[in-house]
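I've put the structures underneath this note.
After this come two complexes, each holding chain A, first together with chain B and then together with chain C.
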Partner chain A sequence: MNRFLLPLAAFVLLAIVLGVGIRNSDTKGVVASPLVGRPAPQFVLPNLLDPDTPFDSRTMAGRWYALNVWGTWCIECRVEHAALVAAKAAGQLPIIGLNWKDDPTSAVAWLAQLGDPYEATAVDAEGRVAIDYGVYGAPETFLIDPQGIIVHKHIGPLSAEIWERDFIARAVSR
Partner chain B sequence: MNAKVVALALLAGGLFAGALPAIDTTQLPDPALQERYEALTHELRCMQCQNQSIADSPVGLASDLRREVAEQLVAGKSDTQVREYMAARYGDFILFRPRLSARTAWLWALPGVLLLAGGVIAWRVVRQRARLAANDPDFNADDSER
Partner chain C sequence: MEMLPELGHFALVLALLLAGLQAFFGIAGPAFGRQRWMSAVIPATAGSAVMVVTAFACLVASFVGFDFSVAYVAQNSNSALPLIYRIAAVWGAHEGSLLLWIVLLAGWTIAVAFGASRLPQHFSARVLGVLGIVSFGFLLFTLATSNPFLRLIPAAVDGSDLNPLLQDPALALHPPLLYTGYVGFAVAFAFAIAAMLEGKLDQTWARWTRPWTLAAWAFLTVGIALGSWWAYYELGWGGYWFWDPVENASFMPWLIGTALIHSLAVTDKRGLFKSWTLLLSIIAFSLSLLGTFLVRSGVLVSVHSFAADPARGIFILAFLVIMVGGALALYAWRAPLLKSDAGFELTSRESFLLFNNILLVIAAATVFGGTLAPLISDTLGLGTLSVGTQYFNPTFLLPMLPLIALASVGMHANWKRGRLAARGRPLIATGLIALAVALAAVFGYYGGRPGLALASFLLGAWLVLSSLVDPFDRLRRRLSMPRAIVGMTLAHMALGVFVISVTAVETYTTERDVAVAQGESVEVGGYTFRFDGIDDIHGPNYDGVHAIVQVSRDGKPLATLHPEKRRYFVQQSVMTEAGIESQPGRDLFVALGEDLGAGRWSLRIQVRPLINYVWLAALLMALGGSIAASDRRYRTARAPATEPVGAGQGSTA
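Here is the complex of A and B:
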């Protein structure tokens, strides 16, 4: 009797540890950001479509907005682009683009061809702002509240459904 | 093992090693800084590939993070400050060596606990066998197959 008790206890313990680990982990492969709930890093970067006026993130203070990290080299960004353009048309939440380590000429051509969903596109040529935001793969989208706090981070391509559920619902409900 | 196989394996290894370009060619001005730089970049995870350190990874983000480490070391930041900088942005997941905190305490305590548990079990088995051998004249201590 006692012989089976110990291995059984060990098994149950292991199952609990693994179970808790699985429950606490987010969707597979996605690493939770420590930045959610903290102030969004402020930055001033060149504006892709308006080179004379740099984009300053402080101008967004007092408004809900989404910060979308993208690049023309990013295949999944092409996948989500239509959803972003539709979101812009709906006009509920402004989107700021962060063009991450990209070729500006290709980026301008991309927006001309596929539509421009962004209120402004900041050019992060060296990837320093992306590091401040803990970006590790495009596309990533942050929801930032009027106080400048990061409320939510979405990793991977957006869809109309995700946009509605994770962004619009959060921004409107508060 | 067959000497020919060993020779072939060594040759193949040599060929591949020669074909791999050096990923990180950063040279810091000070050898001591360079040493710290290499140690740090080997213990920070490449978030895009996740099973490589940023020292071993050729992807763009890894080289950006290496540049960040180099710049911070040259600016006089301590190793701990660099690690904290990275963990504040990417989470503890970026650290290959987990920090001791309330969440990771069990991770550090577990080897000791397991060692202790193993010791207790081994001690009990030995005692039980000793008792069996003392009580049963037919008990064969060498009979480990049951």
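Here is the complex of A and C:
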């Protein structure tokens, strides 16, 4: 093959991948995750604010909850934080934080400073659990049903509107 | 006054039509040999630019005049927002930054049109035609999916304010500079496409292209440095680079742009690497296109937001396929025709620049892989992986360390012939001095932790000294000192300074997170930080507190720092502003944490050696680039009378 065709071939492959990515997105424009519809990976991690009692995800069985992946280094997490705090105040759906590849001191400071929307915050210092969940970047939020199945994955910052439409509506309607 | 948004919208539509004419006449005129079509390119270009500037001015006026009946203004401004940030808010979100991109493209296009009087008319028509296609695509995208002039009915009483993170002087300037760099690569791209349409690429072509590429690269360098500096003082946890997808999106075109600058030098001086230079021109702009879309669709969501709005996603993809796919198809067809008629020896300068290019492309590929591969594998359902600093730091250093070592040697190699031995003495001498400096720094000044730090100090110092050999030699022999040489020397020295400062920051930063009550002191890195309490502060659209921290060394007071925490009224978000005292050799950095009660506050204190030199080095690099871009050689370059297509035999680059 003509070596001058190689760049074009590489680009065509990339374009196909991106095209499939767009086609996979549903009408609400969320990249469909292969994890949706599958059991949420279980984990036991240190609890950020209560170092003596590790957080075990199995204790959430039987309840709807949201798992929110965040880090103090993440600018968009700052953007969505107010919406999370408001969601906590509304009290319809518990939120578990997954503090991803972060400095625990900064994380504690962050929650004290901006408010703590989480029922518990699990510390994923090395990002192993985030890998199980296929987290690409923070923030990402998963909706998990009482049977422990991932029902929905939201990528990017939450807003009150998205929370109501994609999380509360789903959790209440089923 | 009240019709300004409609006027702006109308101007955008006219700009689109005129850009279409510019593209059509520019491409079809030379193709069919129609003289009158070619003559119409400049008027169409000028008209489109005027309309674009008009539209932009209308949007600025809507922001300045608090017109909350415009949805985009209502979303990104507020009645308490100061003037400078009302202007910066124009590019505070997706729609307006697209418009900024188009305005900057119009600016570059007009500059090219002025410079084009020296070029053959069919060539300049093609260049402007390609720029017209780019402009047309962006205008269509804006009008179809991202119109900033849409009305909000009923009008908002007040706006929801500009994202407080963006209310900062550095970040107000960051997008225009960064985009000027991105968009500047469109010029090199247009020159490359025009050369392929002509089926001819000679050394004159490279001489025309070089200053544009250097200028774009210099802007991009300053833009990236400004963003990095902002992250340092605003985000409140120190550090200057996080391998965030957005940072990577601007860094990839920078790396390829750097390769392009060096490859163009070879094409200019020796008529080699022709097809490679074309390919780099295409890739640099393609990555700029990708980066533009990634950056402004929202910060970390960037990569994801490819699909955030399916209509936008499909349009972006279609545009990328047409532009990049079209350019690469043209490349596959035309590049084989471009023969180079010269060879070179292994230790000649051509070889070193070839290695430079290979290593830079590898570096860009590792960043590209780290940035996009997780998304790609997720999309394809191949399972997921997640990458961060642990991936980027080592994989990026791997090509970079040899690159810096080769630069010190390669600068002294001759074109064509490999007579490096003649330059052996200054190379060895500078190498030995650099080793002494590195040893003194590691074991004497900073006291320990050799290993990678020793190697990096050695390489950085060697690069600085080695860059100076040639200019000193020229001075001693009373030879002329062209700006291209001055610029190159400055940029290479700056790279050496950059390596040294990054090494110092990464190896010798001391950091403590402490809880202090009023009057308490802590020692960090030989400095005493005394916490003298908290004061209230009041800004136009925020209030908050700042701490008073007295810094002293050996009992002598040095500075008073005021790290702040601001709460912005409308979005109710809390922002930190670090307190920083810059000493000649280090930065003293204090960020204010939370109120621990009973008058105690947490502070993050860092002493970061040489961190300012990281950004200073970047500015020097950009300065070097712009000095080189202004070299007389480029301004006087005219087309040769005739040049046969694919002349000559011999090796191809």
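In the analysis below, the second predicted complex is superposed on the first by the 143 of 174 C-alpha atoms of A that agree within 3 Å, B and C clash if a C-alpha of one lies under 4 Å from a C-alpha of the other, contacts with A are read in each partner's own complex, and residues count from 1 in each chain.
As a convention for this text, a contact is a pair of C-beta atoms (placed from the backbone, for glycine too) under 8 Å apart; a residue touches a chain by one contact, two chains touch by 3 or more.
Because the structure is a prediction, the values reported are computed rather than measured.
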For A:127 in the superposed arrangement: first (chain B), second (chain C), both or neither? both
Does the superposition put A:82 against chain B (first), chain C (second), both, or neither? second
Under the stated touch criterion, name the partner, chain B or chain C, that contacts more residues in chain A. C
May I ask you to decide whether A:105 touches chain B, chain C, both, or neither, giving the answer as first, second, both or neither? second
One more residue to check, A:139. First (chain B), second (chain C), both or neither? second
Have a look at where A:8 lands relative to chain B and chain C in the superposition and call it first, second, both or neither. second
Overlap the chain B and chain C contact sets on chain A and report the shared residues. 31, 33-34, 101, 127, 130-131, 134-137
For a test of understanding, state which residues of chain C touch chain A in their complex under the given definition. 163, 165, 235, 237, 242, 245, 275, 279, 282-283, 286, 298-301, 303-310, 313-314, 317, 320-321, 324-325, 328-329, 331-332, 335-336, 374-376, 378-381, 383-386, 388, 513, 565, 571-574, 593-596, 602, 604
Inside the complex, what are the residues of chain B that reach chain A? 47-48, 60-61, 64-65, 68, 87-93, 121
Applying the document's contact rule, which stretches of chain A touch chain B when the two form their complex? 6, 31-35, 101, 126-128, 130-137
For the complex, give me every residue of chain A touching chain C. 2, 4-5, 7-8, 11-12, 15, 17-22, 24-25, 27, 29-31, 33-34, 72-76, 78-79, 81-82, 101, 103, 105-106, 109, 112-114, 127, 130-131, 134-139, 155-157
